[in-house]
Amino acid sequence: MIEWIRFVLTALFLLGGLFILISGVVGQYRFRYVLNRMHAASMGDSLGLMLVMLGLCISQNDVFVILKYLLTAAFLLLTSPTSGHLIARLEIATNEHPEKEMELMQK
Amino acid sequence: MIENAYHLLYVSALVILSIVTFACLVKAIAGPRIADRVVAINMICTLTLCMIGILAAMLGEGYLVDVALIYALLGFLAVVVLCKVYIGVALEKREQEAKEAENHD
Amino acid sequence: MAVLFFALWMILNGRITLEIVLFGIVISGLLYWFCVKFLDYSPRREWQAIRLIPSGLKYAWTLLCEIVKSNLAMLPLIYSSRKPEPKLVTFKTPLKRKSTRCILANSITVTPGTISVYLEEDTLTVHCLDTAMADGIEDLEFQRQLLKMEQMLEEGTKK
């Protein structure tokens, strides 16, 4: 019985993570401009991978394998802002007219 | 019974992930701007990470998770290097254009 | 710090034997010495970091909650036909240390819907996908918690 509860929990987390990842890719096709697409991509990076890894953790028995999964998720959580920041900077550096695509605001 | 259920779950997840990865690859080839392509490559890296993790759980091999960790490292490195190179190229181009404009005057 | 190195070594090895434990202790000791000698790290700073652990954990929890919330806010934007209204917001942060500013920028980037583009001195340029996300940008929960942590650090250095 407890095995089946574990299986259902794994399936829930895994499919939830897959759903977030798929909506990230759908966002790539829906949005028209790069910086808008990046938001969709960062969604998959943060919550999508975290949910998939959590689901896999629930299904495993070995403590060290679970810790490795968590380490991978934490590593991606640390590095994805850096790469996102660099991509945004690249876009601003290569684009000559950023004000066409978005509204500039000063606060 | 429970092994069959796990196997079915993992295989279906892998199939969905591979289809999505292919869609992402199309986007990476078609993307009109450089940043588009880099974003798509970053996305493919994340999807492959998920695939390796699921594969490790399916085969019951713990060491495949190490491969996933190294893959995350390499993907991050690739994105950083690509961005640095293209930012350098863009800045150089801008400088050259400014110089040419000065020469015209 | 040495304890962290040792934990990482054990996780990557995947099993516990006497040899691995002994090697781990030697290697983490050597790495700690390297950090103190070449990377401008000292036991005093370690003590400060240890005192910040409770507020750091609280911050991590807030970050997780914010990630989940903003993901749920992003989903309708993707699947509905409404066009998003992107904005580039520039604002000043009251944070004084470089490290806390860096953490703030990274937290803003990791929550979907907002990406920090530039960070120069105390002005931060943030790209927001929608107007609702741009509204509360200069008064975030992150910023308040980071301010508290900064004050704790200041008190630590005065003593």
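A, B and C label the chains in the order they appear, each numbered from 1.
The rule we apply is simple: contacts are C-beta pairs under 8 Å (C-beta built on N, C-alpha and C of every residue); 3 or more make two chains touch, one makes a residue touch a chain.
All figures in this text were calculated on a predicted structure; none of them were measured in a lab.
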(request) Specify the chain with the shortest distance from its C-alpha centroid to the centroid of every protein C-alpha atom present. (result) A
(request) Work out the mean Cα position per chain and let me know which chain is farthest from chain C. (result) B
(request) Can you check how far apart chain A and chain C are, centre to centre, with Cα atoms defining each centre and the answer in Å? (result) 17
(request) Provide the C-alpha centroid distance between chain B and chain C, rounded to the nearest whole angstrom. (result) 23
(message) Could you work out how far the Cα centre of chain A sits from that of chain B, in whole Å?
(response) 12
(request) Please set out, as single numbers or ranges, the residues of chain B touching at least two other chains. (result) 62, 66
(request) Enumerate the residues of chain C that touch no fewer than two other chains. (result) 12, 14
(message) Where in chain A do residues touch two or more of the other chains?
(response) 38, 62, 64-65, 68, 71, 82, 89
(request) Provide the residue numbers of chain A that touch chain C in the complex, in ascending order. (result) 20, 23, 26-27, 30-31, 33, 35-36, 38-40, 42-43, 46-47, 50, 62, 64-65, 67-68, 71, 77, 80-82, 84-85, 88-89, 92, 98, 101-107
(request) Give every residue of chain A touching chain B within the complex, in rising order. (result) 3-4, 7, 10-11, 14-15, 17-18, 21-22, 24-25, 28-29, 34, 37-38, 41, 44-45, 48-49, 52-53, 56, 59-60, 62, 64-65, 68-69, 71-72, 75-76, 79, 82-83, 86-87, 89-91, 93-95
(message) Going by the contact rule set out above, which residues of chain C touch chain A in the complex?
(response) 8, 10-15, 67-68, 71, 74-75, 78-79, 84-91, 105-107, 109-118, 127, 129, 134, 137-138
(request) Within their complex, state which residues of chain B touch chain A. (result) 2, 5-6, 9, 13, 16-17, 20, 23-24, 27, 33-36, 38-40, 42-43, 46-47, 49-50, 53-54, 56-57, 62, 65-66, 68-69, 72-73, 76, 79-80, 83-84, 86-87, 90-91
